[in-house]
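Listed below are the structures to be examined.
Across the two complexes that follow, chain A remains constant while its partner is chain B and subsequently chain C.
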Partner chain A sequence: MKKQHSRRAIRILKRAASHAVLIVACLFALFPIYFMIVASFSTFPLGAISASILVPRPSQVTLTSYHAILLDQNPSFVAMLTNSLIFAGSAALIGLGLAAFTGFALSKFNFPGRRTFVYFILLISLFPSFVMILPFYLMFAKLGLIDTYIGLIIPYSAGAVVFSGILVKNYMDSIPDDIEEAALVDGLGRTEAFFRVLIPLCLPVLGLAAFLAFVGPYTDYAFAHVFIDTSNLWTLALGLYSINSPEGQGVQNYGLVCAFALVMSLPIVAFYMAFQRWIIGGLTMGAVRG
Partner chain B sequence: MADLRDQTLSYRLRHEWPAYLYLLPTTIVLLFLNAYPIAYTVYISLTDFGTGGRFSLLTYHYVGITNYISAFTTNASISWGLIFNSLFWAAGSVALFLLVGLGLATVLNQDLRGKTIYRTLILLPWAMPAFITILIWANMWQVDYGIINEMLATVGVAPVAWLEHTDTAWAALFVTNVWLSFPFYTVVFLAQMQSIPKDLYEAASIDGAGMFSKFGRITVPYLMPTIVFVGLMGFLFTFNNFYPIYLITSGGPGVTTQIFITQSYDDAFGASPAFSTAAMYAVLDFLIILVITVVVIWRTNLTRNWLK
Partner chain C sequence: MTGIRLEHLTKRFKNQVAVEDVSADIRNGEFVVILGASGSGKTTILRMIAGLEVQTSGHVYIGDMLVDDYEPRDRNIAMVFQTYALYPHLSVRKNIGFGLKVRHVERSEIDRRVTAVAELLGISETLDRRPSELSGGQRQRVALGRAIVRDPEAFLLDEPLSNLDAKIRSSARIELKRLHSQLGQTFVFVTHDQTEAMTLGDRLAVMNHGRLLQYDTPERVLSHPTNRFVASFVGSPEMDFLEGSVEPTGGSYTFISGPIQIPVRGVGRPGPVTIGLRPWDITVHQAAGAGSVPARVAGVERLGSSDQVFLEVGPPGAPGPGGLPAPPLTLRALVRSYDFEVGNMVSIGFDADRALYFTADGNRIESMSAPTRVG
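Showing the complex of A and B:
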């Protein structure tokens, strides 16, 4: 009787400890996001902030920061958003097309040189993308591509190909060859089978590849900072950075920074929430299969 | 798609040639927009571009491995610092990712009320783009008006100058980095743990194995391939993870948290451009990564799945 008692006590204790650990983990995960939200609605003066904003009172909630970032900015928020969408959208489209063809060729064809090609891609992927900024900068300065749309879309697309290509290849590897063979028996050509059978089956991974190829440029600061001078080509990432470190002043306006950051994240968060299963599934699949 | 006896070179060329057409655009991109810039970087690292005085931005010369020699003679302390910091940053982060990921996955892998809610909340940091959340973390660590110090103040702790001391600056970087990555590791390990056959644990319980010996004898061996794989990927990614360091410490205080990639960026686009030094550090970065990858792949047979 006594032994059973203590066993039950241990079980309850274990359960309580598990919940405690998970609650701490969730608070840790949530805290910065919660902070962003309350700070973006707070009325505190420039730079000044105190822990009391974490427990907001209804009377303190204000839309001043949102008003300021959406309406009183130069260049305007909409202009920066448009630029970001042009850069990231083009890179995602180009990168996606290249990745689909690459994945198809590497997964469904057994051509001479296939291994070499995969090794070549893996070798290139080891070269850190951030140090590509310097050679691209020097090349594009010669070609007069600095401070143009093309000048930034090219390196963004080039960066997307390497990772997405491997991602699509791995996913296509998991689709049985029989499916493609059945399409061939039905009289489709190999290219037709690719577009009409394989592509629809690969939509989840293609969506994921497009998403990743979009998020990279959408939140890129390192390339854009070097490649863009004129403010009418400014992207949201440049706008956010400049609000965060205003020239000549040491302090930043947390409300503005957080409001800008939240509005900028909105499209990404919405997309992530809508396709959470595909995104998490696609990204963890590679790791689990390894 | 063919029988083994048909796998001769001429057969494959005859039947598989469309692959080359599909790969043509990518090949062009890889050669001109990846391989060429990399080769160009190596070449710049062998010149005095940007470091040879006033006119060196217009005319520069091939100087052989002079830059590499001076990196390990006159500038030895900077270079060794970069090597140490880059390795410390990557290895320390990965150790924390694995520890937190395995721990939380183990806790989540039981019959608990609210498990789905916990899992969803833990995944939230992932929904936000990293560049944005890192910037917010950079603000949170500020000594004046940083929310972390403001919260400490409510329990009577004096403000900590997190980013002005090497130890606390590293602590701030590691905490931020764990926040960015632990959702991924937790979910990957949890998915893998759920695929471990239940009867293994039941059999172990009958044999009288406790919680820890089950973890050490069943869970860890079963997860080992995944641990090695995500560990290596995490290491390679963190070694070159630019934004946490660039946005939070800028390599400071001094250069004590500077890694190759941030040093290279500063050398190229900072106050005094030194393109050849920037290129040299990029090449050293790549060589170190290459050696580590080759050794790990060679010792663990990791490429099996990629190349099959």
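Showing the complex of A and C:
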């Protein structure tokens, strides 16, 4: 009896400890978001930050910051949002399409040099993307692609192919060849089997890949800063920097920055919500014997 | 509904020979079982018929058509995979109807045929479920349904029963046989399980190391195996083999191996041979009789309807390299349940009419067996 009791106590203690760790971790993760929300609804000058703003009084809540970023910006917030969505959306679509084919080829076809190619792609993905900025810039300057939509969409898509291609390949490896072969016997060619059987089975990983391929370009500052000059091609990331520090003097107004960042993050949240059911997948279960 | 012909089919993977020079004729409406251990090349043959694997040399005919250059989809055969390979993202209804849909069959016609097939297989109530919600037996039926619904030239089945529980397996066997006689179509069935092979096949193709060793009816494979491998692979419990030699005795010949003497009923020829006897062709008696061989019961396996006894014949042999005596010759015999216990001293006899003779390299010497030998 006694032994059972002590074992139970240990189990409860263990659980309590793990919960405590998780709660602390959550606080660290959630506090910045909370701060951002609170700050975006208040105005306070530099140096006026104190603990008191964490619990705002209703009378202090103001929409001034939102008004400023949504209406008083030049270029307008909507224009920058449109640009960001064009860049990130195109990169996600193009990158994803190419990644699906790349993954299919690397997973289901046997060709000489396949392994080498996979290692090569992995090697490329080890380099931080900003080392590519200079070569891309020189190349695109020669091609006259600087300061154009295409000039930024190409490197964004390329980045997505490298990363998502491997992601899709690994996922397709887990789909038994039998399923594709069953489709071939059932009357499909390989290309048709790819679109009608493999792609539907890959939706979970494609959702995840699309999400990652979208978020990267959407939040990118480095490439956009180098490749874009004209303000009517500005993305939100560039806009955030410009309100953050108009003359490069550091943050002037936290409320403004926080409101901007908050609105900017809404499309990502929406995207995640929309694809959540694919991202958390598990469709291949039950395909084969159970 | 069509026959299949394989002509000198060979498949090499890099330097490994998976299938070597296999020729076989599968008749229209026949149920042929390809039997072999894993790695014998049996599945590779099935895949070459389906077009999922391209042969290194040789030809495949479906009906009168040479299909070597045909894609799987143009061969109009159906295949049931060992893993069933159902489409996990589609309902049972869509899984079964998939092959019709991609062939642009009208929707009402698809519905009609899927419903009929589901009824035939007793899976009507599962039509709107996903494969992941089905039991193993139900999945196997869906895989069968997907094959049947298309009304193909022939059915290829790759160990479709191996993932089922032992209990369902025997009823699935009966069902499959019934289905075959109902459909009257050509079935090619791959398995490593000889019970499946014996019960299902009109003819068996026994394979080993990529070679087709024997292609005959189950009865003939059992009673007239072409070589020692087939003799030992087919039949349960496994055949007993005795090494010895044939010697002239008076006007006839006798096989002699230690204390065992078995008269040769066919055309005798002196020299070393191996004799093969089915466990049910060895008789066991409690008391010693004239001309019988004494033995000790070393083990008993209760099989239910009968017992398999392991019999030690003669004294232990001379000490081997480890100083331990070489184990005595052990034979299997099939006897009535609970007739013998471990440790019983018994005498054994052999049915000389049913003995099979093999050369040292495993080929059968047909002429030495009894000329009237049957079954």
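Please note the rule applied: the second predicted complex is superposed on the first by the 242 of 290 C-alpha atoms of A that agree within 3 Å, B and C clash if a C-alpha of one lies under 4 Å from a C-alpha of the other, contacts with A are read in each partner's own complex, and residues count from 1 in each chain.
Criterion: a residue touches a chain if its C-beta (ideal position, glycine included) is under 8 Å from a C-beta of that chain, and two chains touch if they have at least 3 such contacts.
Every value quoted in this text rests on a predicted model; they were computed, and no experiment measured them.
Once chain A of one complex is fitted onto chain A of the other, the partner contacts of A:91 are absent, as it touches neither chain B nor chain C. Judged by the touch definition given at the top, the superposed model places A:222 against chain B, while chain C stays out of reach.
In the superposed pair of complexes, A:79 makes contact with neither chain B nor chain C. In the superposition on chain A, A:212 makes contact with neither chain B nor chain C. When both complexes are overlaid on chain A, the residue A:28 reaches chain B alone and has no touch with chain C.
In the superposed model, A:188 lies in contact with chain C only, and not with chain B. Touched residues of chain A, counted separately for chain B and chain C, are more numerous for B.
Of the two partner chains, chain B is the only one that A:132 touches; chain C does not reach it. Contacts of A:200 after superposition on the shared chain: chain C is touched, whereas chain B is not. Once both structures are placed on chain A, chain A residues 181, 283-284, 287-290 are touched by chain B and, in the other complex, by chain C. Across the complex, chain A is touched by residues 1-2, 7, 9, 12-13, 16-20, 22-23, 25-26, 29-30, 33-38, 40-41, 44, 103-104, 107-108, 110, 112, 114, 118, 121-133, 135-140, 144-145, 147, 150-151, 153-154, 179, 182-184, 187-188, 191-192, 225-226, 229-230, 233, 236, 240, 242-243, 246, 261, 264-265, 268-269, 275, 278-279, 282, 285-286, 289-290, 293, 302-303, 305-308 of chain B. Interface residues of chain A, counted against chain B in their complex, comprise 15, 18-19, 21-22, 25-26, 28-30, 32-33, 35-36, 39, 47-51, 54, 97-98, 101-102, 104-106, 108-112, 114-115, 117-124, 126-139, 154-155, 157-158, 161-162, 165-166, 170, 173, 177, 180-181, 190-191, 215, 218-222, 225-226, 237, 240-241, 244, 251-252, 254, 257-258, 261, 264-265, 268-269, 272-273, 276, 280, 283-284, 287-290. Interface of chain C with chain A (complex): residues 50-52, 71-73, 77-79, 81-89, 98-99, 102-103, 130-136, 139, 146, 150, 163. Here chain A touches chain C in the complex through residues 176, 178-179, 181-189, 192, 196-197, 200-201, 283-290, going by the rule given at the top.
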